[in-house]
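Both complexes below contain chain A, partnered by chain B and then by chain C.
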Partner chain A sequence: MVKSTSKDAQDLFRSLHSAYSATPTNLKIIDMYVVFAVFTALIQVAYMALVGSFPFNSFLSGVLSCVGTAVLAVCLRIQVNKENKEFKDLAPELAFADFVLCNLVLHLVIINFLG
Partner chain B sequence: MGGKQDQTANGSSKSESMGAKKASPDLLNSSFSFKSLKLKTKQQELLLRVSILGLVYVLAFIARLFSVLRYESMIHEFDPYFNYRTTLFLTEKGFYEFWNWFDSESWYPLGRIIGGTLYPGLMVTAALIYWTLRFLRFFVHIREVCVLTAPFFASNTTIVAYFFGKEIWDTGAGLVAAALIAICPGYISRSVAGSYDNEAVAIFALLLTFYLFVKAVKTGSLSWALGSAFGYFYMVSAWGGYVFIINLVPLYVLVLLITGRYSMRLYVAYNCMYILGMLLAMQIRFVGFQHVQSGEHMGAMGVFLLMQVFYFLDWVKYQLNDTKLFQTFLRITVTSAILVGGIALGVGTASGYISPWTGRFYSLLDPTYAKDHIPIIASVSEHQPTAWSSFMFDYHILLFLFPAGLYFCFKRLSDATIFIVMYGLTSLYFAGVMVRLILVATPAVCLISAIAVSATVKNLTSLLRTKQKVPQTGSTKGVGSSKSSSKVTLDQSQPFQKNGAIALLVGVFYLLSRYAIHCTWVTSEAYSSPSIVLAARGAHGNRIIFDDYREAYYWLRQNTPTDAKVMSWWDYGYQITAMGNRTVIVDNNTWNNTHIATVGRAMSSYEDEAYDIMRSLDVNYVLVVFGGVTGYSSDDINKFLWMVRIGGGVYPVIKEPDYLVNGEFRVDKGASPKMLNCLMYKLCYYRFGELVTEYGKPTGYDRARGVEIGNKDIKLEHLEEAYTTSNWIVRIYRVKPPTNRL
Partner chain C sequence: MMERGLVRFLFLILAVAICGAASVFQPISDSHRSAALDVFVPVDGSYKSLEEAYEALKTLEILGIDKKSDLSSATCENVVKVLALSSSTLKDALYALSLNGILKCKSGEDVPKDIVSKLQTGVKDAKLLLDFYYSVRGLVLVKEQFSGTDISLGDAEAVFRSIKALSQSDGKWRYSPNNPESSTFAAGLAFETLAGVISLAPSEIDHSLIQTLKTGITKLFDSIQKYDDGTFYFDESEGPISTTASVIRGLKSFAASESTGLNLPGEKIVGLAKFFLGVGIRGDAKDFFNQIDALACLEDNRFSVPLILSLPSSVISLTKKEPLKVKVSTVLGSKAPALSVKLAQALSSGSKGSSVINNQELKFDAESATYFLESFPKNFDVGKYTFVFEILLDESANEKAYITEAQTKVPIAATGAITIENAEIAVLDSDVGSVESQKKLDLTKDEAVSLSANHLQKLRLSFQLTTPIGHVFKPHQAFLKLKHESQVEHIFLVKTSGKKSELVLDFLGLVEKLYYLSGKYEIQLTIGDASMENSLLSNIGHIELDLPERPEKAARPPLQPTDPYSRYVPKAEISHIFRVPEKLPAKQISLVFLGLIVLPFIGFLIGLTRLGVNIKSFPSSVGAATSALLFHGGIGAVLLLYVLFWVKLDLFTTLKALSLLGVFLLFVGHRTLSHLAATSNKLKSA
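Coming up: the complex of A and B.
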């Protein structure tokens, strides 16, 4: 049972790895940015667990800025990915411009909320 | 199209006729028509649409002006006076002072942090309009801006309804929706001129947010989602009912996920709106951290996390292309996600970190809750369950057009129609629970009914128009015998179909005209009274105006010391601070139940105990409302049992059965002795026993209760009468300082 699950897990990793290496470089850059943002959020949560959450608005604004920019990057990836039929009419420049605008609003609100 | 060919043919013949016309200019004016403008069909249609929308815009504004024309331009009811006072403060002192305002003139001696406990959207909107007008050198008074804010935003709502209808169905439905919502009584009731309340801008913000969100789901664009986040922010700043949005949108996403209609556009739209909307909403101090801590907002977060898991699994499935491996991965991920989510939710709720649903919203899910546990919520008349007559009164023909519209929506299911169906059904459920929420259901009912009307009229008129085409095609095209025979059969049933279509169209026209008449009648009769000025018909049919409230408040303003404290029931608090400019003990904000219960206890105790309570609160004046002389039925004696219940809820010494006789509330000779000697009774009926109110009845006949009062010989020991208005509606008493001890 354990052996079959570990074998399954290995197969899983291998096929995922091979499938993923076929993605284009620009999408991989966006994926790295998402991983970086989520990692930063996790570090902040761990820090909060350590020292307490006193200025709660600061904690929230920190975590939500990471989560927000990760989510927006995922939206950008969806819109730029050539394999998505729904977005084939959307120019990647327009998608990026939307991404920048939303990030601008996000960070302005975060700065106001940091307190 | 046949139409276009007609135009060009006319155009060539027209150039000759134009030459002829130049010779006879007096014919030019009489032969004006659409065709002479040489417009194409598309431009004709655009002109029609713009002119219809313009007329609907003006109609929505002027339909709400009845009370301004009949009485004067003033603020109605109770809550709008608080909004007016805060707007005045904002325009005088500026935004920084407003945002950090601590008010010591209400809830004496506690005070109220107004800056942190109100929804600033309405006040900021009115202040912006005021400053814009002043910039353009129109120096209007802020009160005029406040009075006319609601009709202005109602007009804007019709425009948004048009665009929303266009998204859901087509332009015809949009136009009908705009026209229906312009005069629908359910919306007019809370947005007449003078009703300067949060709902005036909130319904506009609600519809705008929904429209922008549906547009974002349809296009999958980040900018539309950003727009809907801003719409949500405006809604959060305007009204506490934003909780409806933050629960309906996740529910809609969930329904789409379950029925398999999800797509990448949904992911983009919901995530952007949720994160940005949540962040923007937390900027309002009154809302604070509720989006991450309150049970009412957890649904949205749950759906957000579910979406991440769902789409991640979708992406992995797409990458793997192998079902067996994917099944294992699926099993691991789903079980771990459910475990983690369940543990987090359980720990949060059990430890009290995630607060449960507050009483106001919990009573929507369990309507019996408020009656048993929170008498203040149960006592508000707007919070009672809705009767069928209210539905008929507020919706008229839309009531049966709504199911018809639902049928059409189900026939053509898309992301947008699913949304409007869910909005309609959930909002109608809540409208059934609480009368006040008919307002929230109105846009959905209007939109869905508009779909029914538009689709029906389109089908009927297309039936009418096919008759003209048939002889053309029959004559120009040489079709086979089978087709000609089918055309013949069509010809034979044509007269019936055409007559039926015409009859049905006349019926639709009749229904819509009755709707318009009903809406105008309802607006004029029921929803245009300012509540602060009462009107009645005299014996000869002439109109008598009772302006007692403002008379009393202005007496307070001009004849009492500036630091005087006034005790009254909480209904009148806002009006006393806004118009009388004096400190009050409790007001309509009702944030402190114990303080209100103290006032209730004072009103229902004997005069000596009440005097002790009043001395402890530094009360100088007591204000009561009495309708016995005029027959006004919303006075304090009719509200008295609620005072007893609320007071008794905190102070067990006040027991409701003490004031009732055999479970009945009486004020005549058979009333209980506690009732006949409590402070409220004494203050209302002081000197009333000598008054003859109606011809043929004994002195002291209470016209509101219809009985002769039981205790006519009232003596007050610790209070003295300061002022009674001309129709005895408002009575003010001064609290005497304690006598000198000798």
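Coming up: the complex of A and C.
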């Protein structure tokens, strides 16, 4: 029983991997960016857990910067994905411009809150 | 030396400032002269500027103090040097000539020609009030000091008119034709200048011009301010002393140059004199000079010379039977003309309105130049009075127009010996009211009365105070002090009512106040008053008090310090408790995590290279390439701005810069991205 579940898990993993390789490169770039942002957030949380949350605003600022930029990247991925019927007519360049603008505004607020 | 002198001035100024509506003004006296020596003689033997030298030497001259010869010669050297240079400024020339008038360095035929021609050109070219002032006054001084010069203003009326053009309708003057700011100080300067123009004019100036000036002076007097004690002054940004002195100098010069009289309200002239006498002795050289100079102008002028009534001593002692002395003199202390002084009323502070003395003429003693009142009526009692003096001038024999206050109110204190009679102390039984023990007292000497009482009894002290004429006297202070062996003290007030002063201490009610302390208490009585010449503090004796035991909750007597001055020792140091700063993590841990944070970014870059990321679609044509480069550069600039924002800028500068960068970025980004979109569309359609 255990062996079959582990084999099932391996099979599942392999099929996911192969399906994923089919995604276009630009979407993979965005996915990697999201992973990078999340990892950075996790490291910051670990640091806070270790040394205490004294400048709490700084902690929040750092974590929210990572989370915010990840969210914006996800939005970009949704808009740029050609298989997404909803955003068929939207030019990817426009979505990218939105992504850049929103990131700049987010980081202005983050820097202000950083203290 | 300066510090001690300054402290002395402050005390004197305070003393004068305390005087209320009825107050005495003293003319200039020797205390002013000794203060002048402190203020005006420089420590290192020379003055810093001609203006300072002039103010100092003029004041010393008015006060009649002999100038030191080395100081005069040093100043003279300076004066001669300035008068020889043709490059001296108009202001320096004026002060040099003024100093020459005091010190007489140059005189006679030795005319400083360069300076004269400079002053004459100055008058012709002057536009500002101060230029007119320096040049006209300078020419007047040259005419006075050097004989053989014929200095007159060519077109005096034109000069008069151009100065007059600076005047305003409210009586103030402007410093310059372009600047609308006006001041009363400038008005004083203008009067002096116009007086100089009138005296230098070869022929008489049109009378209507002079009349308009007189109307202007009357208007200026409408803006005069006053204090409650009857002093008048002009106030401006330069300060009341400087401004009022400037106006008085101007009025004196104008009245001296003018043939027809100048009519100024007499009450205000006396008020101005009282103002300057009331400011006391100034520590600042400029204020001192202005005070003395203004008083000298008031002393000797052609409109009215004020006379001041002063009293060397404002206390009448009924026991000493000395007469009340009154002095009348000019503001600088010189002799007054023939006049008579009358004491119109002596209003007692107690009884409202009724006067004890009416219309008593004072006798004159020519030797000491004082008026005195020898005898007081029989019903003149001790206490505080307001004496109202009136001065009657003997009009016939005067060349100058003297003026005095209509009525001078002076506060007078009358003191005398108060008789104390029927003083006795007794212990009473409270419920019955009968006397248990009673002793007669002689409060003029210390006694050794010994009494005893318990908490159910009362202590009664009574005495009678009478004034020299037999009225009941209510002292200002009448205290009974009970002092326990343990140094705990209690003070009680003795009330005066009707015929006698009495204090009844009911120990039943006072047990808690006395902290339940039984034992021997010393009795001390204090009677005092400003009108009482024989105030007393007498130890009556002691009383043995038997009070009940202290209950648990009662207050303990306060700890008496062994040394009565120990309350003045420094107090315990206060240690402030500050917010403990938060503990920060160790530096190493922070550095480790800083390294860890960089790892995901490196991982991202590695992943990108693994994916085979390229920048092939970077535009190659020049125009598109530049806008693409500028786009990336713009984003980089914004991020750099954010870093600067975190490091040192504030939000508003950042927002300003950001708005500029943002507009640029928008423009460039639109260009780049539309180019990219066009390229990809072309690829799709192709």
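Here is the rule we go by: the second predicted complex is superposed on the first by the 115 of 115 C-alpha atoms of A that agree within 3 Å, B and C clash if a C-alpha of one lies under 4 Å from a C-alpha of the other, contacts with A are read in each partner's own complex, and residues count from 1 in each chain.
Quick note on the criterion: contacts are C-beta pairs under 8 Å (C-beta built on N, C-alpha and C of every residue); 3 or more make two chains touch, one makes a residue touch a chain.
None of the values given here were measured: they were computed from a predicted structure.
After superposition onto chain A, the modelled positions of chain B and chain C are compatible, with room for both. Contacts of A:36 after superposition: chain C is touched, whereas chain B is not reached.
By the document's definition of touching, of the two partners only chain C reaches A:51; chain B does not. When the shared chain is aligned, chain B and chain C each come close enough to touch A:112. When the two complexes are laid over each other on chain A, the CA centres of chain B and chain C sit 50 degrees apart as seen from the CA centre of chain A, to the nearest 10. With both structures placed on the common chain, the touch criterion links A:28 to chain C but leaves chain B unconnected.
In the superposed pair of complexes, A:60 makes contact with chain B only, with no contact to chain C. Nowhere in the superposition do the C-alpha atoms of chain B and chain C come closer than 7 Å.
The contact surfaces that chain B and chain C form on chain A in the two complexes overlap at residues 112. On the chain A side of its complex with chain B, the touching residues are 5, 8-9, 11-12, 15-16, 19-20, 56-57, 60-61, 64, 67-68, 71-72, 74-76, 78-79, 84, 86-87, 90, 95, 98-99, 101-102, 105-106, 109-110, 112-113.
Those residues of chain A lying in contact with chain C across their complex are 25, 28-29, 32-33, 35-37, 39-40, 43-44, 46-47, 50-52, 54, 91-94, 96-97, 100, 104, 107-108, 111-112, 114. Contact residues on chain B toward chain A in their complex (touch as defined above): 220-223, 225-226, 229, 263-265, 267-268, 271-272, 275-276, 278-280, 282-283, 289, 292, 316, 319-322, 325, 328-329. For chain C in complex with chain A, the touching residues are 582-585, 589-590, 593, 596-597, 599-601, 603-604, 607-608, 611-613, 635, 638-639, 642, 645-646, 651, 654, 658, 662, 669-670, 673-674, 676-677, 680.
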